[in-house]
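For reference, the structures are reproduced in the following blocks.
Here chain A shows up in two complexes: once beside chain B, once beside chain C.
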Partner chain A sequence: MSADPSTMTAELRHPPRWWQARSDGARLLHLGGGLVIAMLVLVPFADLSVTSRDPWQELGRMLTGLASPAPGALESPLHALILTIAFALWGTLLGALIGLPLALVYSRSRLLRGICAGLRAVHELFWALLLLQVFGLSAATALAAITIPYAATFAKVYAEILEQLPQAPLKALPWASSRAMRFVYAELPMAWRRMASYTRYRFECGLRASVLLGFVGLPTLGFYLESAFREGRYAEAGALLWIFYLLIATLPWWGHRRVLPVLAIASLWWLGPWPDISPTLLWRFISHDIWPAPLVNASFESLTSGELATGLLQWASHLPDLLPAIGNTLLLGLLGTAGSLLIAMLLWPLASRHVGNRLSQHSTNGLLIFLRTTPELILAFILLLLLGPSLLPAWLALALHNGAIIAFLCARHANQIQLPPSRPQGKFECWLYELNPRVAPGMFALLLYRAETIIRETAILGMLGVVTLGFHIDSSFEYLMFDQAFALLVLTAILNIGVDSLARRLRPSGEISEDSCVR
Partner chain B sequence: MTQETPSPLLHLSQDHLGHGAEVVLRDLDIRLLPGERIALLGASGAGKSTLLEALRAALQQRDVAAAWCPQRQGLVPQLSVYHNIFMGRLDQHSRLTNLLNLLRPKPAHWQAVATLCEPLGIAGLMERSVEALSGGQRQRVAIARALYQGHDLFLGDEPVASVDPHQASQLIQLIHARHATSVVALHQRELALTHFTRVIGLGKQADGQGHVLLDVATDGLTPGDLDFLYPAAATRESSDVS
Partner chain C sequence: MRWLATAALTLISALPVTMSLAQADTFKFTAIPDEDESRLVERFDKVADYLEEKLGVDVEYVPVKSYSAAVSAFRNDQIQMAWFGGLTGVQARQMVPGSVAIAQGVEDAAFRSYFIARRDLKLAGDAAEPLDALPDSVEGHSFTFGAKTSTSGRLMPEYYLREQFQQAPDALFSRVGFSGDHSRTIALVAAGTYDVGAVNFAVWEAAVKDGKVDPSKVQVLWQTPAYPDYQWTIRGDADSHFGTDFTAHVTQALLDMKDPDLLESFPRSGFIPASNDDYAPIKTVGEQLGLLR
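Let's turn to the complex of A and B:
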């Protein structure tokens, strides 16, 4: 034990260089550092100018509206409220029911992963825009717009939760146990709490999505919110925002697991209207309207004569200039992800019981509720009115909204950690050495999961005039150019799948075994 | 051995100890003298951990610093072995040092930890995450963290439970070489007789309450003398554990 430094091997005498460190913590450090450096390098290429003339006056008017809401001026707030809940509840429920069985085969089927990635890659709003052409402004459009991407998301996330379960109970089962029995006896009991809490969280997202569906004309809260904002009736907009905040804040009470089934059945009464679907129109839309004309009219002769190729090229030449849109989408995605990381790292300690004091916990929790409850589109909309059209309001909205979601989940995780009695004395040290290492893998897993969501959200920010791919999709729908809209949707989906697979590769893997490390 | 009794580091006298309403041990009167090597013995559930926690709390009240090696090792699975050991001295460095150490360890700290790790046989693992280690290796990391604290007094709750008897003996020797006084819960009674000066045996009396059943010097004690601390498994074990 009398180890003399001079006789030590070099490895023991010197710590590893920081880029050579191999522990999991060091890998996360490299990942986070890399993201932030990439952000700093790319910021000069983004258009972050403030172009509005008098942002403060507008902000003042908005805050006045929020401070003195006028609920009496609203037309039919109760009906909008019930529809918002019903769409979210049934959309999430159907999504979970479809997603659960898919999760069991998710990690084994490349095809399923591909299909799910494709379905997930299209934002709820764009699903609504697409389905609107077939089902009209109906409950079917709203439900399918939420159910389709959510089923794909549930399949992925449930599968990831199952992947992260401790393997010992599974290996202890008899060899011949079937997949279903393994799931029912070993995986479901272990995963239930995480799956249930994720589903609950997803329902909250569903409420936000349901509000956003109002932006395409479905009569949810968002419909009235958008028109009130656009027409500058800020007192009404304030009232609607307050209704929405109250809805989310009281979720623990009315969203109790015993109340939800009752609510689900009762809300069926209001769910509607149901569309008259004309099969011929539906078929025409699927087989004809959404495809480029040269492809629809293609025949064997046109293929061999090269007519098809020239026709497609000609069709493609009418597309808007996509390179800047793709560049902006990726740039905004990266900036949003790195920004979310910074916001999350800053805010979760303040909201956790081990680090924050009572004041910081309450005020941070209030801020987090505000930021994660307000749909990013509305956040961006407000910031856009304040700062003018550039990437800046979109970046801020993405970073604040997603960062707040991650910070909230991290703080909750941190609050569940029982620190050992031998923990360090100072709060700073506790955060640095006990909490951060335990929370960080989950935080990065969330962040890289959100990276895909962020890319998807950059698209809907296009609806506000930020020139991302979504901007061109929105305007294509507006001009009834369904073939172009659909092609751009597919392009957006491919872009998202690329980002998703990159994020999947970077995501910290490996089960976190806490067995000897719990207390 | 000096003739005059040195003043005790601690005199723990309490009529009951427990968690909340549940009483684990009754009628305690334990003196801890400097230089003693005390082995805590008893069947599982007899109250060894409870007694150690109480000793630790009492020592803390008197500002007597003690190295502490808990049963569940309290390691951070995601951090490297080096960082887990370094955590033993977080309170002795500035915030900035602690922060920078996560990013880039100082050679001096690295060497100090390496010096501790060499005799424990984990020097080659210093960069590895604790979650990648075996149970025995984790136990060594927990011991290294306790050693790194550099106190005179060592409190350990089964610090050698998951290594083989030969290694356990080596680890106890290492712990003793670096601490003047030690109180260690064990379940290998041979170790207690060969490496410790005093044995405190815990168990249940006829009234069903936990008591100190034995508190003697190890001189002349045989393993057979300790048998009564471990009642025959089939009849009593289940009721003892509950």
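Let's turn to the complex of A and C:
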């Protein structure tokens, strides 16, 4: 890069300080190094004690269950399986349908970007808990819980894809073409493949989300998985996990673009149950339940007399102690992100065809399916038994789960790379000089994107006795204090938007890789 | 793109059909998830069949996952009756004015929680049997409740902890967790993940009977005084929906349930009448602890 004469003179005039990056590669190194150093600095402040006395009996029972699954004991696995797929498929589809038009105006509207960031920031589980109050345990809750955050994600990612398109064909259009015309005639043909590829990847995420929705009571595989696991019926839990692993592992075959439409239409017959939506209920929830009582009962006099302010202050004083929760959420988010980076860097080379051999490829791919498919909550519980209650099992669960997702995508990217004939002979050199420079930018882009997800996921690990914001949100829903839950959700969303904008600033700039859209 | 449009059109045209199917007037009930959920649907479908036969209306069991989901479904009239815990019942009756507690289990009039710990911690000294009060040695250990709104796994244990030690659980213990469920509390204490746990006595005794926990390794430190717990609660508008005296008929059907096979689902030896007032102590404690408002 510095061979360019203009940069050379600039460098001579203002030589970069030792901490300033000279090239994109160095920037990534700084970013990665910075994350790991921040992790090492913060670890002493995190609550990471290991206290476990006798986990082996329970772990043994778990392993036996996984090794000898009992599919016969399942109540209605086929129905749960179909619903899992149906929710994921239709949730993703509706998300894409809503996200697409939003993407067209996304870069022009700051308001829309803000709304989308807020919608994305709330975990699918919390969307479900919120919607459950209105739609009950129904397909509407499941679909909306996936559709809403996914539409916001699609709007952002589709818009990014469109922005990266070559501009020439657009300029060739007649001068007064409308936005929709430009999209249909110029952008869509160029962007179609990448948009479809991203949508398909999102469908896999949808499947995971759909299983997770079972944890709050929607009748997907997760419903039975959670009960079986919670009550120690590990043979049943094992059978359900195997079904889910197979579902994800065989996705490339049954998730073919010609098969999906057939599946989508066929699954309509099973999609249900549908709620009787009562307008009064909906209105009461939106206009009353989720707002602080002093605000709902506010009048003009209360505003002027200061009664409203004191009322709100009193309401706020009943909120749980938020500072430690915010601290824990951010700490766990940072540790989880840095941990994911280390796990991803370790695992992707082993799963790629250039570095690994056949055995390491297959075994690592198996491990990656296991890690990214097992719901974090179950990973966390296994680690909880092993390590005792602290931040540690939550950290490891987040790092393993997200690291595996990144490693899987990086390995897929690496496998698409055609190495030049002049490549180094040794595998290590091949990794160091040929693969890593090509894969790393995409990996960091993915990592910073996952940082947002990791923050959201800290929310569901309150079981470990780690008080995060999500722990308080979950409690508020349990205590049926929806106003408090809603206020905390808004706070989480603001936190997430902050983290997201920081991540965007750190993200490698420009065109990252041909695969950058596959997040 | 073409198939996308086709699929969307199909969905839109199919919606009204599926929606109208759900309109039939069925009496729906649920039971809060509590312990053994294996074959839950199968077991409770039998209860539904029994009620259907006694009441002469369609009865359906709706499975739920969490305590709050049960209350929300009740509030939204998606179910008309539920087998609630003490606290969830109070929450539900507060949210749906006019709803009434109609029956409780024979055991529920005097329910208890157990504080359990591993024997090798020697928290109870050399005592093999439950003590008269929680020993002071529990201080500084790690502790887990069950679900956050469980009466026997959270509410009453916290109440008695505060009464005896005059401090909040967070201050008393080195760490406070919420296992989410009684069976899991037992598993976590047995594995040594948490030192002490609070658990529903009925679940503990069932776990000992089924060999899921080894009482030579885990002991009961203390059992709480008796308090009222689980009950059937029905919506106040049930009579106007399903006919006059419907609530009375349901109550009678519950009290008449004698088949051990059906009662095992709860698990109770039978049902006795109950009223909202029976749960006044639970309400008071819930308000004190800030779980109700």
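Just so we're on the same page, the second predicted complex is superposed on the first by the 455 of 519 C-alpha atoms of A that agree within 3 Å, B and C clash if a C-alpha of one lies under 4 Å from a C-alpha of the other, contacts with A are read in each partner's own complex, and residues count from 1 in each chain.
Heads up, the rule we're going with is that a contact is a pair of C-beta atoms (placed from the backbone, for glycine too) under 8 Å apart; a residue touches a chain by one contact, two chains touch by 3 or more.
Quick caveat: nothing in here was measured; it's all calculated off a predicted structure.
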Dominant toucher of chain A (residue count), chain B or chain C: C
Which superposed partner A:Leu137 touches (first chain B, second chain C, both, neither): second
Chain B versus chain C as contact partner of A:Leu93, first or second or both or neither: second
Touching partner for A:Thr51 - first (chain B), second (chain C), both, neither: second
Contacts of A:Ser363 with chain B and chain C, given as first, second, both or neither: neither
Residue ranges of chain B in contact with chain A within the complex: 53, 56, 68, 70, 72-80, 82-83, 87, 90-91, 95, 98-99, 102-107, 110-111, 114-116, 118-119, 123-124, 126-131, 135, 138, 174, 177
Interfacial residue positions of chain A with respect to chain B in the complex: 1, 3, 5, 8, 11-16, 18, 21-26, 29, 420-426, 428-429, 432-434, 437-438, 440-441, 510, 512-514, 516-519
Residue ranges of chain C in contact with chain A within the complex: 3-4, 6-8, 10-11, 14-15, 18-19, 21-23, 33, 35-42, 62-69, 71-73, 76-78, 91, 95, 118, 120, 142, 144, 147-149, 175-181, 183-184, 187-188, 190-194, 212, 290-293
Complex contact set, residues of chain A against chain C: 51-55, 57-58, 73, 75-76, 90, 93, 96-97, 129, 132-134, 136-137, 214-217, 219, 223, 226-228, 230-233, 236, 261, 264-265, 268, 271-276, 278, 281, 318, 384-385, 388-390, 462-465, 474-475, 477-481
